[in-house]
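One chain, subunit A, links the two complexes that follow: it is found with subunit B in the first and with subunit C in the second.
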Partner chain A sequence: MLSLVLILFCSLFFTGILIRTKSIASGRMGPGILQPIRDVVRLFKKGSVYSETTSIIFRIAPSVYFASVIMACLVIPFGADKGIVSFNGDFVFFAYILALGKFFTIISAMDTGSSFEGMGASREALYSMFAEPAFFILIGSFALLTGKTSFYEIFSSLQLGTSITYMLGGLAAAVLVMIAMIENSRMPVDDPKTHLELTMIHEVMVLDNSGFDLGLILTAGYIKFAMYGAIISGFFISGLSLPLSIALFLFIQFLFAIIAGVIESFMARFRMNHNPQFILALSSVSFLIFLGVLLVLEKFV
Partner chain B sequence: MALINILLLIEFLAIAAVLLFKTKVKGIVTVATVIIVSVITGYFAFRSLSGNSFAITLLGTVLFGQVKISVDALSAWFILTINFTMITGVLYGFNYMKKYRKREAQLTLHSIAFMVAHFALLGICSVQNGFVFLLLWEVLALSVFTLVIFDNTKAETIKAGINYLVQSHISIVFVMLGFIYVAYKTGSVSFDAIRDFSGSQTPLAGTALFLCFFTGFAIKAGFVPFHTWLPYAHPAAPSHVSGVMSGVVIKIGIYGILRMLLLIRTDYSTIGYIVLFISVITGLYGVMLAIIQHDLKKLLAYHSIENIGIIGIGIGLGCIGLGTGNKLMAALGFMGALLHTLNHSLFKSLLFYSAGNVLQSVHTVNMERLGGLIKKMPQTALLFLVSAIAICGLPPLNGFISEFLIYGGLYTWLFSASLLSLVSIVFSVAALALIGGLAILCFTKAFSIVFLGNPRSEQQPEITETSFWQLFPMYLAVAMMIMIGLFPTLFINALERPVCLFTGTPAYDTDFLKTGAVESVKTVSLLSIGFILFILFLIGLRKYAGKRKETHIRTTWDCGYGEKNPRIQYTAASFARSYLKHAKPILDIEKDETEVSGVFPEKKHYSSHPYDKIERVLIDKPLKLIDSITDLFLFLQNGQLQRYILYGIIFIASVIAFPQIYGKIQSLIYFLNNL
Partner chain C sequence: MTNVLLIIFIISLFYVSIANRLITYVRVLALQGFILFGVTFMQLKDIETWNLVLIMLETIVFKAIAVPMFLGYLIKRNKITRVAEPYLSNFMSLIIVTAIVVITVILANSIKDPLLDKIFFIVSLSTLFTGLYFIASRKKIITHVMGYLIIENGVFVLSLAAGNEMPNLVNLGIMLDVFASVLILGIFFNKIGDVFKDADVDRLTDMKDY
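== the complex of A and B ==
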């Protein structure tokens, strides 16, 4: 319960901080931290415009997407506090329910019959596919390390003691930052704020959404970021007292937003076809984590 | 005894009726027969699943020996799976075939073949005698061949059918070799002989025997590299036959593999690793080729190969679990595999039926010519969407449950593992995740290109939704899928007995199943229900929020150019293009393009045809080689009657002369020896 509240709380600020970081990095003042939320609230109040090409898919997809993100949040624990639900293999559910959301955003983009949105849909499908193995290997490695198979049990029995486990934690955090950016289609290769054909993925998929639906999609994106922040902080806050862990959680989320902003500001603008290389590198890093776990468990003999 | 006679009597009466009556009655007789036979056998299967397994021994003839017929829990699971899909298949087919009422003779043959195929499938699942098994296997192959070539005016259909027939017989050869070997050693063709024989042999011999059977069954099931018949046969067949073939006929291969696992006593770990390796390759290769297909039915056919891979991963896991004594892992592997067998038979048949609806309304399944069908055929589109979500293994539907169990098995394996197995786990998990991702790419493409956007070619205005009665069996399948997705514990409980056959635990001692992923499924089902309710709530909220606001209908955002042109849309080829660029080294694509050149370029064209690399290497090349060898003897076949008579004379003369010459040589040797 606590984790869901904290995730929702952090999602209020997350994208604001990210945008602010990018503004400062490019020498601007930038909008206030709460601007994204104000945008969303305004969108919720607005009417909608639909394309005549679209069907019912286009109208229900945002709701499905939003629901999938919320469902995914339910399994994420907070330190010693379980998520709303916790069961063996809950990370499989986590990954697959997010994939369902993606499925619907892709088909809703294709529903408009626009070549722009088709392009975004095709890329989204490809890139999220590449990211999937990295996540499973990563969590699998920690399952092996701790001997447990649910988010809650993995995090609560994760003991960062020796230097190599710190290294593993650090690597895992790095991988998750990248996965989070891919999941939100904010790959450093791509600049989500441009509308240049060459760089568009997620922005272009929601070109035709408006009003309430767009509000839902944007909110889901904010929550998704904070959700990954919560997983990352899960690696570090186990075993701390409640106030301390909440403070560390908020700090990690803050840091995560700044890092994401910095990465987007300084690492951007490769060519589009470098994206898969970037994502495949991610799988290699998670494989490295797996090897590290083998090392810790002394499986190499 | 009486039961078998009753079933046979029903079949013979039905065949007679189909032969005698008018076209309209033929269909009704077929439907009735399939349903009656399903109900009777289904009753015994249900009893068997709840613990009263059924076994009789027929006093066979000299030829067969004693024929044992038994329906244990494994057979029961497959019989129920087969019956369900056969019922939806025959109901769908009844309406689908109404368009072909004029082709009476063919319809007669088709109806008979359908009933015979059903009977053969049920028989294969329950006989315990190698000879009868092979006989039924052959009957199945021939009847399915007859079903496939219904549309026999097309050369492609005949070619696909013959391809299937040839490969089925290669499959039979391998299975037969296995039975003959055991019969040669023990003098018995009963299944018990296999069990006793393999128990008395070294593990290596057992493994070899299993691999012989496995190769035979793998051809039927469509494991890579034995899959090449599948992408031809499925698209060529009428849609209900494709659905039934992909749903249950290839699953009979899975049944064979599982049955042999129960019989052959050997080193299960080695077998497990082999099956796991082949299955991972099968899964990945199947879906990788599926994505680049532009023919909807061919896409679905390749996707069947992928799902066979997932089932195989489950079986492999189960074997390794048995070999290492990890009961929970074995149970999860087999449970996942069996449940996925049922699941796949449901959603794949449904997808083929949907493709059939599209084919009958638009007269093409070439995706590049389709689009926007959701507006004209909303129910078909919805059914396709539901099954697409299920086949991608996404919650809240049934595909997720079986994949979840297999993931559970993989993660259970983690804790009792050596280095070799850990590396296998990582690759299997990564492959399974990748398969999932690729499946999403594949089915977002299939669904959105066929049903969404604007039509990509001139469509006839009279495209309409299919009739209710044709949609009805599809709704049956969807209802079943939703049942499994939302109330999986029902089915998992039913699976306890089949799984216990493998793990060797008595049926009352299933406490070890009450942990891990099996237990988690309950939570998953609650979450799935919650998820659906939450979506409904959001949709309601959205409706409420939109009540007092303006809603406009405009064109799709077009950068202000405003030219409505359906050709500007993404196509099947362009959707898969960025994927294709990365997968190119593994795949085989024939391109036909002309470069644009000059100041005023002329009309150019570009087309690409995906081809199967394994087929090129494994089928085409050997065939070419055989061709070139036989070509050497072409001079003999020159069409002159005199020559042929000469050959005959030479043959007869040599037959007569041979013993003479042989005797002479012998006496010569004798003479030389005496010297």
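== the complex of A and C ==
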């Protein structure tokens, strides 16, 4: 319960802090921290416009996407506090409920019949496909390390003690930051500020959504960022007292937003054909984490 | 802590395999020099101080500073194109390097010898094969030199595992190797730069006795 409240709370500020970091890095004042939320509230007050060529899929897709992100948030624990849903193997549920939401945005983009949106959908599917092994090898390694298979048990029995486990935690955090940037269609892979349809990935898929639907999609994006931040902080807050862990959680979310902003400010977007190799490199690094786990467990005989 | 440095060493190999520019290769070589310096400092505890100082000077001066600077100078002086120009795409390179590491891990796991230091063995063997792969898959002569230096680093890691028992011989040999290879190939390369305008391996077949 606590984790859901904290994730929703952080998602209010996350994108605002990110945009403010980018503004400061480029020497501007920038909009206020709450500006993204104000935009979303403005969108929620509006009605939606639907194209005549679209079907029911296009109408339900934003709601399904939003619901899938909320469902994914439910399994994330907070320190000693279980998530609302918690069972063995829930990290598989986490990954595939997000994939379900993504699938619906993809087919709704195909549904509009726009040539640009089909292209964006294809790219989104490709990059998500490459990011999936990285996530599974990563969480699978930690499941192997702790011998448990749910997020709650993995995080609560994770003991960071020696230098190599700190190394694994740091590497895992780095990989998860990059996965979050890919899943949220942020800078090294996709540029959220581009105005050319040919270079867009996520933005081009939601070109036809308007009003309330667009608001849902944007809100889901904000929550998704805070959700990945919650997973990252899960590696570090196990075993701390409640006030301390809440403080550390907020600090890690804040740091994550600033790191994402700095990455966006100082990295150029990759060329489209360089993206797969970059995302696959994350899988290779996760594989090294797996190697490190084998080393810790002394499975090398 | 040694394990941490060695894992970073393998990540640097992945980074090289998707790098586009030559200057990135040079930087990664310098980084590997610093990593080896750290590993040497932590691993070699049982040898006499002067010998340790010599080995560490070798790693920091040659591997981390002198050789990368010399390579950078060569690239500038010969006006080599700044892109690496591999035969295979970077995507394939990454898959191949990852496969090399996987195979090495499986190989090391199948050796039932309690005296073998597994992580050193894995890192050195995968570095060796990766270096060979870089030599085979890159077009330019300068990238061949870099692949050779990566192989040297791999051999150095392996010798560090046995460094406490036989420190002198191995490291002097490696120092000579690094020195000779870069110097000879550098001179060789400068000569070639005067004759041919671009430095492709394919052009070497044009050099014949008449």
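Convention: the second predicted complex is superposed on the first by the 297 of 301 C-alpha atoms of A that agree within 3 Å, B and C clash if a C-alpha of one lies under 4 Å from a C-alpha of the other, contacts with A are read in each partner's own complex, and residues count from 1 in each chain.
Following the convention adopted for this analysis, contacts are C-beta pairs under 8 Å (C-beta built on N, C-alpha and C of every residue); 3 or more make two chains touch, one makes a residue touch a chain.
Since the model is a prediction, treat every value here as computed from it, not as a measurement.
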Practice task
Classify the contacts of A:Met181 with the two partner chains as first (subunit B alone), second (subunit C alone), both, or neither.
Solution key: neither
Handout entry: Which superposed partner A:Phe278 touches (first subunit B, second subunit C, both, neither)
Key = second
Practice task
Scan A:Ala220 for contacts with subunit B and subunit C and give back first, second, both or neither.
Solution key: neither
Practice task
Report for A:Asn88: first if it touches subunit B alone, second if subunit C alone, otherwise both or neither.
Solution key: first
Exercise for the section: Using the touch definition from the top, say if A:Ile164 reaches subunit B (first), subunit C (second), both or neither. Expected result: second
Practice task
Applying the touch criterion given at the start, work out whether A:Thr149 contacts subunit B, subunit C, both or neither, answering first, second, both or neither.
Solution key: first
Practice task
Could you look at A:Pro133 and tell me whether it touches subunit B, subunit C, both or neither (first, second, both, neither)?
Solution key: first
Exercise for the section: Kindly classify A:Ile97 by the partners it touches after superposition: subunit B alone (first), subunit C alone (second), both, or neither? Expected result: first
Practice task
State whether A:Phe287 touches subunit B only (first), subunit C only (second), both chains, or neither.
Solution key: both
Completion exercise
Footprint intersection on subunit A (subunit B / subunit C) at 276, 283, 287, 300-301
Handout entry: Residues of subunit C defined as touching subunit A within the complex
Key = 1, 3-4, 7, 10-11, 14-15, 18, 20, 89-91, 94-95, 97-98, 101-102, 105, 108-109, 112, 118-119, 122
Practice task
Going by the contact rule at the top, pick out the subunit A residues touching subunit C in the complex.
Solution key: 163-164, 167, 171, 274, 276-278, 280-281, 283-285, 287-288, 291-292, 295, 300-301
Problem - Contact footprint of subunit B on subunit A as seen in their complex - result: 44, 46-57, 60, 62-64, 66-68, 70-71, 74, 85, 87-90, 92-93, 95-97, 99-100, 102-103, 106-107, 110-116, 118-119, 121-123, 125-126, 128-133, 135-137, 140, 143-144, 147, 149, 207-208, 211-213, 216, 273, 276, 283, 287, 290, 294, 299-301
Fill in the blank from the handout: The answer for subunit B against subunit A in the complex is residues 371-372, 374-375, 378, 381, 385, 389, 392-395, 400, 403-404, 407-408, 411-412, 414-415, 418-419, 422, 425-426, 429-434, 436-438, 440-441, 443-445, 447-449, 452-454, 515-517, 519-520, 523-524, 526-527, 530-531, 534-535, 538-539, 542, 545-546, 549-559, 566, 568-570, 574-579, 581-582
